[in-house]
Amino acid sequence: MQSSLSIEITHYLFVSGAMFVLGLAGVLLRKNIIVILMSVELMLNAVNLAFVTFGYYLQDVNGAIITLFVIAIAAAEAAVGLALVVMIYKNYKETNIRFFEHLKG
Amino acid sequence: MGASGFEIVVNTIKMLAIFLLMVQLVPILVWVERRGSAYIQNRFGPNRVGPLGLTQLLADAVKFLFKEEFRPPSSVAFMYYAAPVLALIPGALAFAAIPLSAPFTLDYDGQTYNFLFQSYQLGAGIVFVLAVSSLGAYALLFAGWGSGNKYSLMGALRASAQMISYELALGLSLVGILMIYGTFSFSEMVSAQQGPLNFVLFGTPVVIDFLPNWGIFYQPLGFILFFAATFAETNRAPFDLPEAEAELVAGYHTEYGGLKMLMFYIGEYGHMMVASALLTTFYFGGWDLPFGSEFLKEALPSSFIYSLVMHLVFMGKVLFFLWVFVWVRWTVPRFRYDQLMDLGWKTMLPVALANTVATAVIVVLFNSVGR
Amino acid sequence: MEALVPILVLTLVVATFGSLLVYVSSILGPKKHYTRTKYMPYECGLPGTESETTNVSVRYYLTAILFIVFDIEILFMYPWALTYRDFIEAGHGAYIFWVMFVFIALFLFGLIWEIRSKALEWD
Amino acid sequence: MADIVVFYIFAGISLAAAAGVVFHPNPVVSVLHLVAAMVGVSGLFFTLGAPFIGMVQILVYAGAVIILFLFVVMIFDLKTDGKNPFTYGLVTHYAKLLFIGCLTGLLLSKLLFKLDGFEFQSPDPLAPQYEVRNLAKVMFTDYMFMFEVLGLLLLVIPIGAVALSRVRGGTHAE
């Protein structure tokens, strides 16, 4: 299947890079803290995709293992982040990221 | 799907046949459920339409088809309509990954082709089934939130909290059997369970002729945990709190009627079929007949017919477990929600953990159990 | 990879089948006119009293959070269970046992802590 | 041919869904797009010969993390973020946009030209380097310490989450 249409490493890296930029845009631009957490997940996914891609094209198993660890840690991060969001929402009824600037002591 | 045209055609037919097998089992199961419950409660059950009431479900399906289309105005259209469709997908995808019979060969145009009696084979099929079934919670959440009814939402939250709680016990109870067989593949697991019970005990091989080499003899506790967890996963009694009629109106599908309601039922029965097929494959030898399968293979004219016969064996085992599902539903009273959560988190999860550690110790001490 | 195409095709088939059922029933069913009570959110037949969304207990989030954590721990046990026999046959049985024993001990400690902290109490 | 079609399907799904997450004003719809993005990335993992990673991705993200997101979003009933779901400041807004634009340009320029310095094989799609067995063997030997630290992290996380949810002493005092 060595046609001019074959899928190469740059295709995957383009998807990964585009996804990372989209996630970054979400983190920087969005107001809602929950959407920001989701965008962080997107960025982590983009990184995972890059890891697996490089691992595949370099014939190296480490990429997949790092990805497993990243998935685990990303899930844990989301769990704690959402626990914080839930508690803040319960107390202040607010999910705007701008509001969090005023939280003190 | 295959390299040649013949393979593609056969694989497509096989995939559609397996899906249809799943869908057409639903009316039979509903009939079994209604007649069985009537039998248990000393009633008659539906017995007017057709012999033994067998065509009752056909009549019901036609009735469902001509029900008024209704969507509550407070609902979210996309989620409301997507939920019943989503309820079908996990069961169908999971069922297609399980080997339903022995692989077979077909001759066409002078060549011999090998086929598996499943829609697709994955190296890590067990993880695939778990992953796909974990998507089942979306149908509930879509239905609950999309209906715009607080009872639907509460039912959906309860159902999904219950599902995810028991998914832990379910996943953990599988670690033991994975350790015994050392594979993620269903086919390898089935082939490891053929023959009489044999294992190595302190360096001496032991063969017990009158027992089959089934997983239940290596993992009795794991079997019980898995079995109990599947009841909760499929939202069946005694874990049918998501549909607790007295407390929650009707749960997450309160606002659904007609065919859309029926689709939730197809999904639920699909989950039951997947659960029964998994129980059969993990603990009862899959499609394998403990004694006489060698004889059958010799006696039957072609491998395809042998496959079909073995498929009947598999379906016999599956139908037995489906009957147990019905039997339990009409025998055991429902749990309270806190009892349900306590059972899942405080009893089954620690016991499953103990089972895992015990299996690990036994395997490392005896060095070779099973396999 | 080679299993991906049948998975996609089957998903498509099931989704089409489901959508078709929904669509067909919406065509064949009778069209009745609007009544106010029919279009209210269903609540035992009585007019609704509260708003759609109610105050939901924080336990649901806690259950989901604990589920995520334990789910990951169980997932990491799967590769271990898969290769356990291989390690034993290679003569590293004690090593792989203790590696997982520490992990399971941490798991168990967490579970006991959750149970004792009453985070899993439903009443 | 099939692998090209499959790649474009999943790449399209994941990128379109990622854009949906970021740009849709309704957080509930954002979560739904996130599910699609995760499934898309999982499909890409399948095409990269790592089906186990893809399944873990679905099991952990779609089956657990996003369920939690959905719980939170549905229960808060965040129907929409209002007319403008984006933060805006006079200077910072443009600074952010500029930064994102620069990063996009950087990534594109790096990717569309050649990646030098690495020797990429075009691997045999049936090569078993991502087989779970090999993966596990490396994970429990070379990454053993990391694995135990992960166990410790996963012990701390729920303790932290439960402690956060306590309100003044009692666990669930409302």
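The first chain written gets the first letter, and so on, giving A, B, C and D; residue counts start at 1 in each chain.
The criterion applied here is as follows: contacts are C-beta pairs under 8 Å (C-beta built on N, C-alpha and C of every residue); 3 or more make two chains touch, one makes a residue touch a chain.
The structure displayed is predicted, hence computed values, not measured ones.
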Ask   = So which chain ends up closest to the centre of the protein, judged by Cα positions averaged per chain?
value = C
Query = Given the two chain pairs B-D and A-D, which is bridged by the higher number of C-beta pairs in contact?
reply = A-D
Note = dist(centroid_CA(chain B), centroid_CA(chain D)) in Å evaluates to 30
Message = Distance between chain A and chain B based on Cα centroids, please, to the nearest Å.
response = 34
Query = How many angstrom between the C-alpha centroids of chain D and chain A?
reply = 4
Separation of chain A from chain C, taking each centre as the mean of its C-alpha atoms, in whole Å = 21
Ask   = In chain A, which residues are in touch with two or more of the other chains?
value = 68, 71-72, 75-76, 78-79, 82-83, 86
Request  = Going through chain C residue by residue, note those that touch at least 2 other chains and give them in order.
outcome  = 3, 5, 52-53, 56, 58, 60-61, 64-69, 71-72, 75-76, 78, 82-83, 86, 107, 114, 121
Request  = Mind pulling the residue numbers of chain D that touch at least two other chains?
outcome  = 3, 47, 49, 51-52, 56, 59-60, 63-65, 67-68, 71-72, 75, 132, 135, 139, 150, 154, 157-158, 161, 165
Message = If every chain is a node and each touching pair gets an edge, what shape is that graph: line, ring, star, complete or other?
response = other
Query = Tell me, which pairs of chains are in touch?
reply = A-C, A-D, B-C, B-D, C-D
Complex contacts: residues of chain A adjacent to chain D = 1, 5-15, 17-26, 28-32, 34-35, 37-39, 41-42, 45, 48-49, 52-53, 55-62, 64-65, 67-69, 71-76, 78-80, 82-87, 89, 95, 97-98
Ask   = Where on chain B is chain D touching in the complex?
value = 122-124, 127-128, 130-132, 134-135, 137-138, 141, 144-145, 153, 157, 160, 164, 167, 184
Ask   = Okay, in this complex, where on chain C does chain D touch?
value = 1, 3-5, 8, 52-53, 56-62, 64-69, 71-73, 75-76, 78-80, 82-83, 86-87, 96, 99, 102-103, 106-107, 109-110, 113-114, 117-119, 121
Query = Which of the residues in chain A come into contact with chain C in the complex?
reply = 68, 71-72, 75-76, 78-79, 82-83, 86, 90
Query = If you look only at chain D, which of its residues touch chain A in the complex?
reply = 1, 3-4, 7, 11, 14-15, 18-19, 21-22, 27, 30-31, 34, 37-38, 41, 44-45, 47-50, 52-53, 56-57, 60-61, 64-65, 68-69, 72-73, 76, 78, 81, 84-87, 93, 96-97, 99-100, 103-104, 107-108, 110-112, 115, 118-123, 127, 129-130, 134-135, 138-139, 143, 146, 150, 153-154, 157-158, 160-161, 164-165
